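Shared between the two complexes below is chain A, which pairs with chain B and chain C, respectively.
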Partner chain A sequence: MMSSNSANNLLDEALGFNDDGGGGGGGLLLLIEDRVETSGAFILHHLIKRRISSPNRPNDVVVFLSFAHPFSHYDRILRKMGCNLGVQKENKRFVYYDMLNLNYPEGEQGAEDLLLSVYGKIQKTVELCSSREGYKNSTIMIDDISLMEVALCGSSNLVLDFLHYCYSLATQFDCLVIILNHEDVYSTVDVPSPLLQMEYLANIVIKAEPLATGLATDVHGQLTVLNKGICQGSGCSKSKIRNFHFRVKENCVEYFYPGSRT
Partner chain B sequence: MAANKPRTSSFSRNVGVVPTSQVPGLKHGPNGTVFLSSGIADLDKILGGGFCLGSLVIIMEDPDAPHHMLLLRNFMSQGLVHKQPLFYASPAKEPRGFLGTLPNPVSLKDDKSREHDTEQEKTLRIAWQYKKYFEDQNLDSQKDGKVEYCSDFDLRRPLDRHALSGQCIDCVSLQDCPNLATLYDRCSTFLAQIPRFDGNITLAGRISIQSFSAPQCHFSDKEWDMLSFIRSLKSLVRSSNAVAVMTFPPTLVSPTVLKRWQHLADTLLSVRALGSDEDKDLAKLLTGYQDMLGLLNVHKVARINTQVPVILEATTYSMKLHKRRSLVLECLNQAPVDGSSGTSYATSGSCSVSSKTGAFDF
Partner chain C sequence: MAAEAISRALRDGALEGEHAPALTIKDSIHAPLGAFVFDHILAQLSSNISSSKSQAQGIVLVAFARSPQFCAELLKSKANDAASLKKWLRIVDCYTDPLGWKIQLAESGIVSNRSTQNATTASLCKNVRDLDMLFSSIVELGKEVIRETKGRFAVAIDSVSEILRHASISSAASLLSNLRSHDQVACLFWLFHSDLHEMKASSALEYISSMVACVEPISNTANGKGMNSENLPLIEQNLGRGEFSVRFKRRNGRIRLMSEELHTEQMGINFVPAFEDHVTSQSLVPKVQFNLQLSEKERNDRAKVVLPFEHQGDGKPIQIYDGRRSVSESKTENKETNAEKMHVNEDSGRGEIIYIRDSDDEMPDSDEDPDDDLDI
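Let's turn to the complex of A and B:
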């Protein structure tokens, strides 16, 4: 399969994902941070494709909570990358929850109930999936968690609670939780606590930033990947930082070290 | 060969595309998007065809100058020309007064000279293989009796009264809205009358909300409510055949909320007037400074159904009046300098422009 041949790019390497299209298994939280100038959504697309199109794990699901774009948007993008989301949705491997019209109910209690019902759905899906044969791990994705905050009228505590719930579900069922957030939204707040808490919780943080010299046609920005590493049997826990440039194309993304392109 | 079978492969032919000219005022873009003209030919060109149907355009106003109104007026006037349903909300007590300020489209006869000039220049500069595409476009735009995709508007002449009669125009005063839920309801009832997307678009709507966070509005201090409204409006517009353009004074919202607004925008523009004392040094740097009304900055271009960002040649454009009547946008033309020209807008502009010296033809 072409995807696994070309899959070993700098991003996958930095994430520590292996060749079978998965990797980064149990109880991991991956946080993507982007800015107004440089969207990080393409990393989500890449990860959807990796998690779904792997032939080695036919029973794993991707649960996708969408606050930012309708299904048709993702379907079109992934189709260009060689992955048919419509079919995967029918096969119940891609479970899409449309949160675009999620409206905040009046009062704290209402918002909590709402989140609980959303969580309930995710939990059910993951539990059902984990009971199948050959299950390795599932993925829970939230595109734009800052919009979840908006939907809940700014109660970031509820959002963090929700994340904690998802995270514990992830540890229980060996899931990977992937969330997208915007870094610059918090940069001017005196106490950027929600973002700091998410960064603390995350095992891998990917930052998408524009180049200091502005945008160019052949370099769309740079990624900084902080992989905190997992404490393995030997007790060594090493975090490593990688930094490289990227260029987004319709069907793939090119990653390269600064200066390695002429 | 597999056209009748349910789609199983990821590659499928794009069949059933409606020809461009079927619906006046709409144009098919890449990735299954449909464009609608902004009413300014140059802005359409910069954005790759116009505003995407289903997108939210946010314009950051200059707090001291009404340049955003130029964009709004052309946008709405273009809608009138194409007989599209319009929705306009502003903090004014009498929002209908805005309709009296809309510019009148220039008749085709006067228009031809300019159109011809620019096309001629283009054909000279473009490789011969591509010539045929431009000829096609020429034919399209010059067909008599047919409405053009983007008209040329005479800013000095207000619209004829009779042009407004029989059109569907909804005007709302933001002052009269006790809360944002009412405004949202007005928007959704407006959008409900436009048939939903079903592969064949027949009609597109235009929503304009002017100075959304102005202090006259009752909700101007409720930042989360406003954010929530924008988010709901965005998803509402996304699922219907309409474009929403919203302007707001960025100085009136807190910096962190401002960033959230910018993230919510599909297309993000800002306008800025020229002429204050700070701009004195700009006058020395830029040619044609005297003719400039102001600067337009393109911060973000809508990215619907695609992950590839649109990288523009330049992000700062000067707003000028062509023959003292129609609005044109031009790249800044400046001598190569070190780029430290003081204000933030100008520096970002000079970065992208100076790297392309000589590419502009004026």
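Let's turn to the complex of A and C:
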């Protein structure tokens, strides 16, 4: 049986992550798309734990922009998974930015200035961290994009600008950018859809969906991981799609292929 | 074929008194292979430039979606002469700092001013909303790369979608058309994602281009509806290959369509001739009052027509016409043709082709130059 506590599960395999918690090279954007019936937040928690609790990377840092929940929420969940966020926060390995309680100014220019200052903080953190010895890669997480859009008075263009800057920072300092977004909030919007823009930008897309047959007690939903592969000067790795089911348990998540459970 | 024809047109560049040839490459999320096509065409053009076979003497690459370092690495890996890269390549870097945030932060002392401009070929664009400035920096770099001679340079823009996110369609179109009509531009091409924009944006871009290359999914994934476990193999297939169709617009207004299949491979992409696809050919035929298409019955009848020599080899002696015929043969032939005719009358479903050429003076029924595509 595979669980999220084991070194590698189906999700990590599909993401191409190796044993010490690192990603397959830097400069990646990972997009998690979920639905109201199937929350994808557990993937985010899993990735926080993976990136933070690896003993091989004591100098890597997770920058977390939260629009959705207060710090205590993540702290409580991660503690159950065996990871103390409070301590990591004090060690400056988990840098938490509470975006809920910022004063959002009116108008486009004000919002841009605010994002600029947030980006400045992220860049400063990442630069500082990258200058340390043994640096491998940092992680920038945003939970979640649709609430960020709400906070910025619906300007998806500004969100995309911000993502572009995070991504360019990621290519420069070998970071992994992880964002969570909701698929169904865009379902009525005609093209051009900001979600589509993010899918173009992303290297890995994880979709969390309910089962086509509805909810079941043993299976809570399915994940589809689309890994576009990495292109480097000399060549490209092939893109892959994986699909598997998951079951969220009290302190871990089980991943398994359809039909492999009795 | 189609990809080669594009490369040739871009290599040959602008004709005297005409605008430069322009290529639009478009793709969609279901077959997101446009970037591969862009890289392929860029690599072809750059190898033509470095061996000075093309009209253009240099390339100005406008990088929006990928870092200039990435682009330079890509060209280095594909070029046979990596050392000459600096001679003919200039990059306008709209990727690193498109809105000038990094400069602002560095000026206010929040972050250290660690410049990313390690590539000497790149010049930083700090405000992509100002397309006039972008135009002048492209032209300036182009003049630099051709060293003030009377030559011409090529322009490649790696994402017009990014331009359209910051500027209106009309200003983006005016940038492209200004570039196209600039008398030192040999050719230009750009990539954009058609499903990110309204229909009118893609039409506007296609109007100002002389070639449109479109990457489409080979297999239709259930009206593009989500990822179900049933159509996962199809989606995966579309990520690796697509249909590559190209529309060429000639100077006299004639349109030529070409289609190929595109496969991604370890080292870029590969084009293979596509099989005849009835669905696409049908949708391309305009709606007119007379028949341009065959009905199902007509198509069946056409399939039954025995082409000359096709009937041979099925039991009867094989006859190959060598321009003469022996007396004995002509006798039996007469009998046979009579019998054959009887047979034809009985079986009305079978057709035959009778073609009698009037004389040797007869010209092929086209005003087209038969050597039009000749690659010398």
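By our rule, the second predicted complex is superposed on the first by the 250 of 262 C-alpha atoms of A that agree within 3 Å, B and C clash if a C-alpha of one lies under 4 Å from a C-alpha of the other, contacts with A are read in each partner's own complex, and residues count from 1 in each chain.
Here is the rule we go by: contacts are C-beta pairs under 8 Å (C-beta built on N, C-alpha and C of every residue); 3 or more make two chains touch, one makes a residue touch a chain.
Since this is a predicted model, take the numbers as computed values, not measurements.
Aligned on chain A, chain B and chain C: do they clash or fit?
Taken together on chain A, chain C would fit alongside chain B, as the superposition shows.
Taking the superposition on A as described, I'd like to know which of chain B and chain C A:Ser130 touches: first, second, both or neither.
neither
Now for A:His164: first (chain B), second (chain C), both, or neither, which partner does it touch?
second
For A:Gln172, select first, second, both or neither according to whether it touches chain B, chain C, the two together, or no partner.
A:Gln172: touches chain C, not chain B.
Does chain B (first) or chain C (second) touch A:Lys207, or do both, or does neither?
A:Lys207 contacts chain C only, not chain B.
Under the stated touch criterion, which partner chain does A:Arg76 make contact with: chain B (first), chain C (second), both, or neither?
It touches chain B, and chain C stays clear.
With chain A as the corner point, what is the angle to chain B and chain C based on their C-alpha centres after superposing, as a multiple of 10 degrees?
120
For A:Asn181 in the superposed arrangement: first (chain B), second (chain C), both or neither?
Once the two structures are laid over each other on A, A:Asn181 reaches no partner at all.
Please indicate which partner A:His45 is in contact with in the superposed arrangement: first for chain B, second for chain C, both, or neither.
In the superposed model, A:His45 contacts chain B only, not chain C.
Just checking: does A:Ser138 make contact with chain B only, chain C only, both, or neither of them? Give me first, second, both or neither.
Neither partner.
Between chain B (first) and chain C (second), which, if any, makes contact with A:Gln88: first, second, both or neither?
After superposing on A, A:Gln88 lies clear of both chain B and chain C.
Closest Cα approach between chain B and chain C after superposing, in Å?
It is 17 Å, taken between the nearest C-alpha atoms.
For chain A, which residues lie in the overlap of the chain B contacts and the chain C contacts?
Shared contact residues on chain A (touching chain B in one complex, chain C in the other): none at all.
Which residues, counting only chain A, touch chain C once they are in their complex?
Chain A residues touching chain C: 112, 116, 119-121, 123-124, 127, 157, 160-161, 164-165, 168, 171-172, 191-193, 196-197, 199-200, 207, 209, 212, 222, 224, 226, 228, 232-236, 238-241, 243, 258.
Under the touch definition given earlier, write down the residues of chain A that touch chain B in their complex.
Residues 36-39, 41-42, 45, 69-70, 72-73, 76-84, 86-87, 100-101, 103-104, 144, 146-147, 150-151, 153-154, 182, 184-189, 213-217, 220, 248-250.
Where on chain C is chain A touching in the complex?
Against chain A, chain C makes touches at 29, 32, 36, 67, 70, 73-74, 76-77, 95-99, 101-102, 104-105, 110-112, 114, 116, 161, 165-166, 193, 195-198, 226-229, 232, 235-236, 239-240, 264, 266-268.
Flag every residue of chain B that touches chain A in the complex, lowest number first.
It is residues 7-12, 31-32, 223-225, 227-228, 231-232, 235, 238-239, 254-256, 259-260, 262-264, 268, 299-300, 303-309, 311, 348, 351-352 of chain B that touch chain A.
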